[in-house]
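Working notes, beginning with the structure itself.
Every chain is named by a letter (A, B, C and D) in the order it is written, and numbering of its residues begins at 1.
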């Protein structure tokens, strides 16, 4: 295989802060390597429908600080079919695109893995999701920003919790993984944290909080991951607890989509910038079908297969921390 | 009546950013007027239960920037009874408190009005609520901060709306009044704003938005006041619209309690500081049973009776603005 | 004179947050009035050099929350000459531009006033400057945002002041006017505020602060407007005070250009939106050579002549407030 | 040696965001270990002057989100003398304090090292400084927050830089180390970064920027560490460059003390919480005279001696990144 000449770049799945910083880095690193760059709009959907535009150094000016993704994102049912992927590949060939950088989460990389095996095109993936649920990297792009967004929101809620001596259940994103809940819970001084990985039913929670209230705490914050299974999320949890213990009167706040947006944190911008440059280096180095990771502060590579096969584990020490810190 | 010697201060009702700045100003202005100051904790509840603490200049150091209220707030059913109010007054007498500054919303001032008529104690009210729904003042303390909180949240949501070309319905506080919805809607560039004061059903909204979508808008934000009556709030609105127009797929976010908290804006801090000083001046000037207002940049007084009798009107020109600006 | 058909819009002078919100409103209101809109880049410089681009509704999508100005700003010596202005007018004629909206401060309006008298073209001005130093409007666009920026910065500095029991002199913008210093000083709980309008030499300041320190204050913030004349700004002030009173060890921070930038506050966005729409209404209403104002919450008009002739006064009551609040 | 019974805690040196989160964790972890905790105010100065107060679980309520340090910090010349340290130790003995946790930077740990060698008391250090210049830990507490503060400030400055097509030199903290400059430079999309570790004179900088300007960049940000030696800081740099290349007109902003303050980021709060708990574990584990570190996401220990002997190196790959990303 000869030198790569033209790289396509796309973002797919839920958007995450820092994706634009990664796009900027990919585009500029490609240009520095004498490659052309084509932006593929709306993820795999745009690849199938040939919604592309050439990018140059100025296309990515003044975007490093912006949330969202200038390439937009979308779901594509068609890309799940061989016909859809065939159409996508035909478009790449027509545009002269000989390599891809895809930015997204596990759904994105699974699509990329299948596409690559069928169509023999080198692909490098950059992990971008606020959930931090990808094996093979310590941090995904967007996670640090989302943590700060959650913590700032809880700081505001705590003002009211404190003023009224109330308990608040705050539901944060995380369907299958409790990373966001766990770290935001510690950082916001939560009294308890409920995550999908560990069962804590409403009775256990009540008893745990009661202990706190006996020690003259005037307000409490409980962080609940939306994927918390045993109680069914913050609203159900609140209803169950109110029914069984009528003296308890928790308020519920679902943080919702504010967690995906906002200007990326310094950490996410630096990680995104490093990964963007490394993605182009990896392609030019002959790498294919690998996801970039940040492991122990170094940029690493892991095959899509392995990244998708394993589940990243919560740090059990962190969960233990809450018990000590919320006394 | 002779010179006032000891003023009690309390916060009541929902907390609002800037209440602490007002408390600080009341305390320091009172000290400058050679009055003693007593903090009454938890609003009328603390008045009945005699939960008080003397305050000095240092008690209010380093609080001007804090959300919530250091005096805490609470509901009091007892204060709705003559017996409760009698107990409250006895406590005031026992503590030597001869005047009151109360910070809160219409419920607070209604309680103050009744209490004052029964117990013959001069009371001055400072309007503190994020809803801005008090007649007799252009702005209530907390409203400007809440506006900024909503606008920052919607800016984040817009990142995702834009990335995914989606419509978001964002529900903001405001049970009876659309002030927060109206101004935050304009400031966040919303395509439509639903307020309690004006009926717009889901069909009208759909048609209005469809026009926008025809003009190649890729994303839309609709601000919905929680007190919007005709559709029943953002979630009901979304469900009705999805059922009738299945191609529409709006997302819903309820901003919730983050709107009450946070460090107060410069505007709220200045207004709170001015009102706090004016409250003490008004008391020493022989005023009683009046609410302070900020009207045309000047501090004004309005009797509780009048403030409570009238309903503040939305500026119809502002609502019209959205139609022009969202094209 | 017939109906206006094509309006040019420019920003000039120092940029201010909210200018983009005003541009958006002008463009969309013009389109709603069936006018064409042309963006003139880099203020009067671009008018002379014919750097223009047609604008439509999409040109101003997604800019309401952005600081700076998409039309850019620049100084123009040439526009001070009759030849420069003649060239500018020729370009307008060539482009079919029959009216102008100019966004800026007093320099901008003075240029507009002269230009209009020479060239007979209707011009409406929108006051955009963080200094709030324009007669004829209660608030200029950008002022509220800059206030919040200063207050947030001082909140951070206070953390350190408090931790180390130190005095900080914080210099804020304002060459001729103390509006920003005055309100930010009150809002940040400053012990003293030095403004160009009122003389307070370093000895007076020292004595004033000494009183505070005797009352066991552990830290102090002094806000100094850059145009404070009698001491020569924060650095000179600090040096004079240290020389005369060696036990004093104040730190100096010059906030600088961060004050001009940032996402506009809700207040500035709403004001900018209202003024932008009103600018087009005024033009279509036959108004010319007037500046828009926000006076007692209503949009008003004032001839450039009058706006430039008078000097807006500080509210003396606000300055007095600091003495009460900093005890 | 028997079980430790009473731990003293202090903060020393420049304050850093997250110190309060660390204090909270130390206090609560100590209580969980059945130890008493004494807060020593104003660092070593308070140890010598016996300014102490007992702390319990409530002493550290609601401080996790606050900048600065509730224990205050101060310099102490006396602690540099054997007599001062003797006095300090006598006070510890008198108070029954048998172990210490000190939070600060290299000056703090050097003092602790000497004190411990003379007085035989176990000490554990927590690295808290925005400079991140401590060997033995990947991140110091406060560094991540300061990075975000700088990046947000530069985002604001960029608005103006962009509006006026200007070059800004932004000076950030870092007397001996360029960590803050380097990462904030990458994260804010700076065109160049000057650090103490690498020489780049004003001519090299000019040539480097000129290249950028030839490529139609309209604005530029240069981050300059205050300890940049060869040009003498941002102001000198600007003057030299203006003198030699009069067409260049860079503006200078010194960010100053805002970098030390502010509510700590999620990352700093989590790190501080982990380190605080680990400090008590280490003491109870018989460790002494060690600094805690966060290395590859795990909490580690390093003797004060070693931490002080080595100099942490900048990541050269990051500096190279800027050349690629600023095209």
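We adopt the following convention: contacts are C-beta pairs under 8 Å (C-beta built on N, C-alpha and C of every residue); 3 or more make two chains touch, one makes a residue touch a chain.
A quick map from chain label to UniProt name: A, B, C, D = ATP-dependent 6-phosphofructokinase.
Bear in mind that the values here come from a model prediction, so they are computed numbers and not experimental data.
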Fill in the blank from the handout: Per mean C-alpha coordinates, the chain lying farthest from chain B is D
Handout entry: Whole-Å gap separating chain B and chain D, where each centre is the average of the chain's CA atoms
Key = 39
Practice task
Return the distance between the CA-based centres of chain C and chain D, expressed in whole Å.
Solution key: 35
Exercise for the section: Could you give the separation in Å between the centres of chain B and chain C, each centre being the mean of its C-alpha atoms? Expected result: 29
Problem - Of all residues in chain D, the ones touching two or more other chains - result: 155, 158, 162
Practice task
May I ask you to sort the chain touch graph into line, ring, star, complete or other?
Solution key: ring
Fill in the blank from the handout: Full set of chain pairs in contact is A-B, A-D, B-C, C-D
Practice task
Over in the complex, which chain B residues touch chain A? Could you list them?
Solution key: 11, 14-15, 17, 42, 66-69, 72-74, 149, 153, 155-160, 162-165, 168, 218, 251-258, 260-262
Problem - Partner chain A, residues of chain D touching it in the complex - result: 24-25, 28-29, 31-32, 57-58, 61-62, 64-65, 138, 144, 147-148, 150-152, 155, 158, 162, 183-184, 186-189, 215-217, 263, 265-267, 269-270, 273-274, 277, 296-297, 315, 317-318, 321, 324-325, 327
